[in-house]
Amino acid sequence: MNYLTGHYQMFIKALQRSHASLLSTLMMFLVIGITFILPSISFLIVQNLKSISENIQHESQISIFLKKDTSADAKNKIEKELKNRSEINSYHFVKKEEAWPKLQKSMGFNDSNNGLSENPLPDAFFISPNTMNPNQILDLKSFIEKLDGVDQVVVDTGWVKKLNSVLHLANKAILLASVLLASMLTVVIGNTIRLQMTSHHEEIELSKLIGATDQFIRRPFLYSGFIFGLGGGLTAAIILKLIVIFLNHTVIEVEALYGSQFSIIDLNPLEYLSIVGGSVLIAVAASFISINQSIKKF
Amino acid sequence: MIKFDQVHKRYPGNLGALQNITFEINAGELVFVTGPSGAGKSTLLKLITAIETATHGTIIFENQNLAQVKSTSIPYIRRKFGLVFQDHKLLYDRNCFENIALPLEINGVEINDIRGRVRAALDKVGLLNREKSMPISLSGGEQQRLAIARAIACRPSILLADEPTGNLDKKYADEIMNLFYSFQELGVTVIIATHEMPIVSKKHKQLYLQDGNLIRMTEQ
Amino acid sequence: MNYLTGHYQMFIKALQRSHASLLSTLMMFLVIGITFILPSISFLIVQNLKSISENIQHESQISIFLKKDTSADAKNKIEKELKNRSEINSYHFVKKEEAWPKLQKSMGFNDSNNGLSENPLPDAFFISPNTMNPNQILDLKSFIEKLDGVDQVVVDTGWVKKLNSVLHLANKAILLASVLLASMLTVVIGNTIRLQMTSHHEEIELSKLIGATDQFIRRPFLYSGFIFGLGGGLTAAIILKLIVIFLNHTVIEVEALYGSQFSIIDLNPLEYLSIVGGSVLIAVAASFISINQSIKKF
Amino acid sequence: MIKFDQVHKRYPGNLGALQNITFEINAGELVFVTGPSGAGKSTLLKLITAIETATHGTIIFENQNLAQVKSTSIPYIRRKFGLVFQDHKLLYDRNCFENIALPLEINGVEINDIRGRVRAALDKVGLLNREKSMPISLSGGEQQRLAIARAIACRPSILLADEPTGNLDKKYADEIMNLFYSFQELGVTVIIATHEMPIVSKKHKQLYLQDGNLIRMTEQ
């Protein structure tokens, strides 16, 4: 018999077996799918919260307010110093003349000539440091405070910063959870294949007795595992996509209400593919291990 | 072809299932293994087909010591046997056709040839019209015949049958026996375990077991 | 035989059966547990985001800025009108003398005598409406705009508002997801019980043939379903509690860094109990349906 | 006690499994149902025990028309029977003790009495020393005896045995038959289906079936 034909026959057989217990197969798809969705959706939420928090944070993390009478020369000197500091990721300078209308606007006064009096703000630098280490930041602060022309240095202690570090930790937690869930999935799939073999134990025993090789016995169950993985992965990807679409829809409604741009960040195609691929990989590996353990018992 | 030399078989709970068994079966012979319930007949067949391994002694099959055969080669040895199990071992979730197709699939028979060979086997035991029936809907005797059909579907060079006529009335039992005899005439080695010796006009060998001992070996 | 003793024996038997397939039982606990955790954790996240957003939102959703020359009388009249509007949940009045130091502080100037000039702010009312309906809010806005002494009415279009409405919708989505997951769980548990019955089909068939009542056959599987539900619910509750503890730990670290109060809102004991109770209920119901369907086939 | 009146049984694939069967069995009788493979013996026993329902005709058991019995009452009727199935129907995931304990549990026997009654049943078929063995480790004949032990454990008022001695050698077959006779002497109604009539010295009834027809009914 042609080797390929044999493989094809076995594949059809495995499909038929899956078909016979259609409910169980679909259930397995759902279980795998949901297990994959759990970390993916958390990942998505964290990514989106990050992007929201970045959107809000026009305010930099360190604000330097200059004295009212600081000369352009002193200002340039300060800028030069800031350029030399390696802890500083980026900075920008805001003239008081630019800052005042912005502040007014942010407080809800849409036109600048509405009776509010003279500009109370100083010139300022806004700095994004590239470190979160509080010691380094305090060093930086005291260094800047000593510069000529600097009135006050304010380190942002706002909730955005806090949210960011929580999100940072959340990302780590998600990674850990993913590993745990993957191993759980290995157990679940392995166990299902084991149960499937148990429920076909008469067939397996007989096959062995009349000369079937381990390979022959293993094949339909391996295909079965493959189908679980593929179906589960696709289920996860599809549900995830639906969730994103649903959320975006919701967001668009909210936008219509308040007029602003904001859209849910979707996973990219490669990430979707890696969900399906990972699912198949885990399922086939789990099946293989489980089959090899079970096959010895018959 | 098959050679037992001082073979002992002990099970965990039964230390003398077979004791000091020595005999030889040549290719093309017809052999009856007889003896009362629990004498060790089924165990003897299981040893020949490497389903169980001997505790002591050597079993030679086609010049191979079964104890030294690699486990990956065992399936290929088993394919030479056609087996009728005492408890039939039919698969109740497949119909008659599929039950008989299984050994053919295992032997790698071309899918196009399977249909014809399954039918031929069913025809030989008088079950051709039950092709699509599930085994559960067959009477006890019909199930036994189905098990026999499965054993002969692969045209084995050795046929081992454990109580193949236990559930059959005289007429069918005779027919099945004649089927076995015809196989022997085609050169197949036939080994039949039974608790009661049928009336046989053909030349045959008889191994009489009792309590695990080979009490008597006759040739007629 | 005493009825209770019989029940007890059967219970032991069901436990033993669960013990025999310990791996499958634990797996089932995990699957149920995770299925419950999925909506619970989303619920928890939403609750927490809500509380964060409430913490930040000292700003109200509608701000009314009064003209500079508005008399106390006109102010009282406005207040009276606000009191009468049913759409208004709460309001508070902020005098310009109070608002100015606050604004300065929020911009990072810690002492008020640092060179910023005279107060540019007007008196203001801040209103929380009890509706999110944009039409009602626009009505309210135009009503207030017509009042004497009102300079400008600003409806808050900040991200907090958006977040809140997303969270509101998220809550609905969670409810929907919970219903879907509950029905999925019904399928999963029902299917498992069905498989369990299939793998004991010889025993069931024989029992029926020799005179067992449906009740006798049903009992161990019903107990099995009960155990699944209890174990799964407890697993969910425990994992959830661990997640909350872990997150709170994380949060405490973040607090130590930036010095602020913020702690994860936990579920209350009743909510934990309802997870376990819900799990048991779903499991027993699913088992019962599945058993009654399967039992007819034997 | 049991009364068949013009009973017909048709299976989906077999329209004449039993045809126009009329007979009566009185309490305490010993009855043999004989006939070739596929004659309908097992079907007859299944009709008596309400495992199958008749297509036509009436079956009266203890003055109840089985066709009219509520399905919730069926279990209580079945508990009056002790059944030996042709395919044994042993549970291979329980040991011998547990196999025999099952009908006692179903009958609601006190847990303290179960041990003694299981042992008594095992003793009667000579398997007391195999109490803890799994059925798979029993020889074919031993399994058959285990199935008989299970049937008698509940001290039924009617014993129905389908080919109870098919796998047994003459010595054990006689012992089992004597066991059945002794039950009959205690007042139990005994119905035995078999493809070959044993030599019986006792007074008994014989129903001879062929192709679903009751060909002959003799009383000796």
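Labels for the chains are A, B, C and D, by order of writing; each one numbers its residues from 1.
Note that a contact is a pair of C-beta atoms (placed from the backbone, for glycine too) under 8 Å apart; a residue touches a chain by one contact, two chains touch by 3 or more.
Model, not experiment: these values are computed from the prediction.
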Which neighbours does chain A have in common with chain D? B, C
The chain whose C-alpha centroid lies farthest from that of chain B is chain C
Distance from chain D to chain B - Cα centre to Cα centre, in angstrom: 29
Any idea how many Å lie between the Cα centroids of chain A and chain C? 21
Chain C and chain D have mean C-alpha positions lying a whole-number Å distance apart equal to 62
Can you check how far apart chain B and chain C are, centre to centre, with Cα atoms defining each centre and the answer in Å? 67
If each chain is a node and each touching pair an edge, is that a line, ring, star, complete or other? ring
Who touches whom among the chains? A-B, A-C, B-D, C-D
If we count contacts the way the header does, which residues on chain B are in touch with chain A in the complex? 49, 51, 72, 75-79, 81, 83, 85, 89, 91-93, 102-103, 105-111
In the complex formed with chain B, which residues of chain D make contact? 11-14, 35-38, 41-42, 86-87, 130, 133, 137, 139-143, 145, 162-163, 166-172, 195-196
Would you mind writing out the residues of chain A in touch with chain B in their complex? 1, 5-6, 9, 202-203, 205-213, 216
Report the residues of chain A in contact with chain C in the complex, numbered from low to high. 23-24, 27, 30-31, 34-35, 37-38, 45, 52, 55-56, 63, 65, 67-68, 103, 107-110, 114-122, 134, 151-152, 154, 157, 159, 161-163, 165-166, 169, 173, 181, 184, 187-188, 191, 194-195, 198-199, 246-247, 250-251, 253-255, 257-260, 262
